[in-house]
Amino acid sequence: MRIALYPGSFDPVTLGHLNIIRRASRIFDRLCVCVMVNSGKQPMFTLEERADMIRRTVSRLENVVVETSEDMLVKYAKDIGADIIIKGLRAMSDFDWEFQMALARKIIEPEIETLFMASSSKYTYLSSSVVKEMAKYGADLRDFVPREIMGDILARMGK
Amino acid sequence: MRIALYPGSFDPVTLGHLNIIRRASRIFDRLCVCVMVNSGKQPMFTLEERADMIRRTVSRLENVVVETSEDMLVKYAKDIGADIIIKGLRAMSDFDWEFQMALARKIIEPEIETLFMASSSKYTYLSSSVVKEMAKYGADLRDFVPREIMGDILARMGK
Amino acid sequence: MRIALYPGSFDPVTLGHLNIIRRASRIFDRLCVCVMVNSGKQPMFTLEERADMIRRTVSRLENVVVETSEDMLVKYAKDIGADIIIKGLRAMSDFDWEFQMALARKIIEPEIETLFMASSSKYTYLSSSVVKEMAKYGADLRDFVPREIMGDILARMGK
Amino acid sequence: MRIALYPGSFDPVTLGHLNIIRRASRIFDRLCVCVMVNSGKQPMFTLEERADMIRRTVSRLENVVVETSEDMLVKYAKDIGADIIIKGLRAMSDFDWEFQMALARKIIEPEIETLFMASSSKYTYLSSSVVKEMAKYGADLRDFVPREIMGDILARMGK
Amino acid sequence: MRIALYPGSFDPVTLGHLNIIRRASRIFDRLCVCVMVNSGKQPMFTLEERADMIRRTVSRLENVVVETSEDMLVKYAKDIGADIIIKGLRAMSDFDWEFQMALARKIIEPEIETLFMASSSKYTYLSSSVVKEMAKYGADLRDFVPREIMGDILARMGK
Amino acid sequence: MRIALYPGSFDPVTLGHLNIIRRASRIFDRLCVCVMVNSGKQPMFTLEERADMIRRTVSRLENVVVETSEDMLVKYAKDIGADIIIKGLRAMSDFDWEFQMALARKIIEPEIETLFMASSSKYTYLSSSVVKEMAKYGADLRDFVPREIMGDILARMGK
């Protein structure tokens, strides 16, 4: 059985992430979406809140599980028996950093492969940062995040 | 009448910004330079100080007004009747983020277009961050910022 | 009256080009789409054929004219009284070359400005080269080129 | 059974390609390496010669087959029942074009996914073009191409 | 005598930095490695600790000295009589910012040249940030930092 | 004595090349400018014509010699005792290919180092291709090429 891991900070999950989850879940026997700490940024939602928001969004995808971890990515992958890490690429600036991290992981854990998927062109503009920027000003988020979590974001913005 | 909006944090305004303002003011009937909040950074000058510095610099350009706003960019554009947003591009790294934001704005407000202008090659190296870095060490800022605001920067650096 | 020039080789015109034409025609009083020689490539259609294909596509846009020219871009712009050149940017690799050319034109003819527009995210993947590659293998071109010119491409491919 | 397709012009196959083949063959049940026409370049070896050179190189990888095709990539993938296309990425300039093509394929054949793998950092400098450039001057190719095909290249160079 | 300056924050020094130091020390009569403040980040080690770690690492390179400075780069270079600044480039994202800074320095101090060296392909993935990320999770740092400083990092991580 | 080699196709030499030659000649004891074959393009001038044009341009720089070679770059460098190769970088697209070639040379001849210099911001827009494009249309070349060779280009264009 081929298990793939899709890690991210998902703060919050966007329609772009959801597009990657759907496509990756069709390729591998099991897909584990793992909400991880992004040490560089003050999060909007806790790890558990973010995992819960994704779970509501992907409830119909039977081979997808959603977890949280504060562990190192390759270590967590080994623990759950995943030998594939999935990353979505939207644009050039993603590419450079993700490429470096993929090469560094390869040194630490040569058995684990990173596979990149191109984000759908409909979502090249879309990131969690863009969502937060838009939410701050009360913009309509319908084209940005899954319907199931819009209430969570509005509540958090205090609007 | 065609109104264009040139937004930025302008902390402080540089000769590169001024070059864009001059060129854009010749293309459109009216150009509104709008000083906006850059949530990611601790500013050197307040919104009003920055607007005031630009006003002294562009006083001879008759169709240019300088304002401040803490509102969302597309909302502010609509309020003042601007359907064009002007952005200067200096280098690749600008391009990627500005491109994403332009596409996101297009979703929220399809009537507003973003037009990019290439910074003059003389100013490709120049940004507000570079100016602040240089000012910190007491470097001569003559080639970096308009003459009219050099005193403000020196005063703020306490030098 | 503000006249803008949208130059390109348009071999053939794509839905991405058409998207730029529509948006630019709303910003300027008059838009001249000019089919130009691309010295680096063996063309599929002649200059006149290409102009004719665009004309059929934009016939409903009243302030748009379509011309051909073998002249230098800035010279042609001056001749027709255009002081704006419009370029669409799809991706990083476009940016670098277009940026250089914009700076070079600025040296030769400082009065003419180049303005860049981001291609709609729906068309970031789309170029005349991609269309030709697809046409070669008989792929369905419906999502790539205007309906009005599909017959021309099929006829040229001898299919 | 999950079949993946690794297409390329492989003119000639390099140690970088071989690294991707080895890693991809461990992820999927079956990997089809397909030598395809690169319309833009005059090839050094025929399609069949190139396929034969790869076959000698991968003979020990049991789930790898090597074929040639002059068909369209997505069509060929469907014919052999592959729903995954594998692409190696070495550098930024690869990324931009490959990204566009992946998005275009997605329009034509939404069921087929493209997955990108980062080339090993040892081979970021390596491409068939570099090999040909080096071979032209009689450089030692040991660090560039598989041992099994060095004779073929030397013979072709007439040395 | 030709003196070159290799500035950086070196927090901590990596095998990639060491590779640049070795190669640059063979080109110039004297190489000054200068540990400088990186205002954007909270450091892991003090300036002096970082300099001391580099000194232990390069003790066998006779024409290399290691200093610290809180001064402006070009000013420090002038003070020590260096007219060359050495910078390592790993990837695109380095390039853009370093390029801007090199052009800005050229305005302030035209006599000082910046020369860029490509990081060895073995170290394209490697940066001080990657090292800190890996250290946080207790990964083996053998392929990342010089042997002589591994103890310092482990001690600082409290492990 | 430190000898550096500045290779290129120089078809024709531009003010940007000349800027690099001047700056590099101040850093190294001797600079050899070497005109080399660019296999990908049909040249405008022969190797000897190009070398002659550069010689007229740099006649006042005493430690600069101009040669031609059809040999492999690293081989030629070794033959003339140069252990430094100088390359000018103007923009991102240069960087990617030059970086790959520098890494490949390092494999073949580890003793030879490639050093990159940033083109002056005044010349970021400038390349031999831009010059030829401009010359084709009879544009004034004063800001693009050295005064000494303008006649050669006009003569070749038959104007």
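Labels A, B, C, D, E and F are assigned to the chains in the order they are written; within every chain, residues are numbered from 1.
The definition used in the following text is that a contact is a pair of C-beta atoms (placed from the backbone, for glycine too) under 8 Å apart; a residue touches a chain by one contact, two chains touch by 3 or more.
Keep in mind that this is a model prediction, so the values were computed, not measured.
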Shortest chain-hopping distance from subunit B out to subunit F: 1
Touching both subunit C and subunit D (chains): A, F
Subunit F against subunit D, contact positions shared by both copies (same if over half, else different): different
Per Cα centroids, the chain farthest from subunit C: E
Separation of subunit A from subunit C, taking each centre as the mean of its C-alpha atoms, in whole Å: 37
Whole-Å separation of chain centres (CA-atom averages), subunit C against subunit F: 34
Distance from subunit F to subunit A - Cα centre to Cα centre, in angstrom: 47
Junction residues of subunit E - those touching two or more other chains: 92-93, 96, 99, 102-103, 106, 121, 124-125
Pairs of chains satisfying the touch condition: A-B, A-C, A-D, A-E, B-C, B-E, B-F, C-D, C-F, D-E, D-F, E-F
Touching residues on subunit E, where the partner in the complex is subunit A: 90-93, 124-127, 130, 133-134, 136-140, 143-144
Complex contacts: residues of subunit F adjacent to subunit E: 2, 23, 26-27, 83-84, 89, 92, 95-96, 99, 102-103, 106, 113-118, 120-121
Partner subunit C, residues of subunit D touching it in the complex: 39, 71-72, 75, 92-93, 96-97, 99-104, 106-108
For the subunit B and subunit F complex, residues of the former touching the latter: 92, 121-125
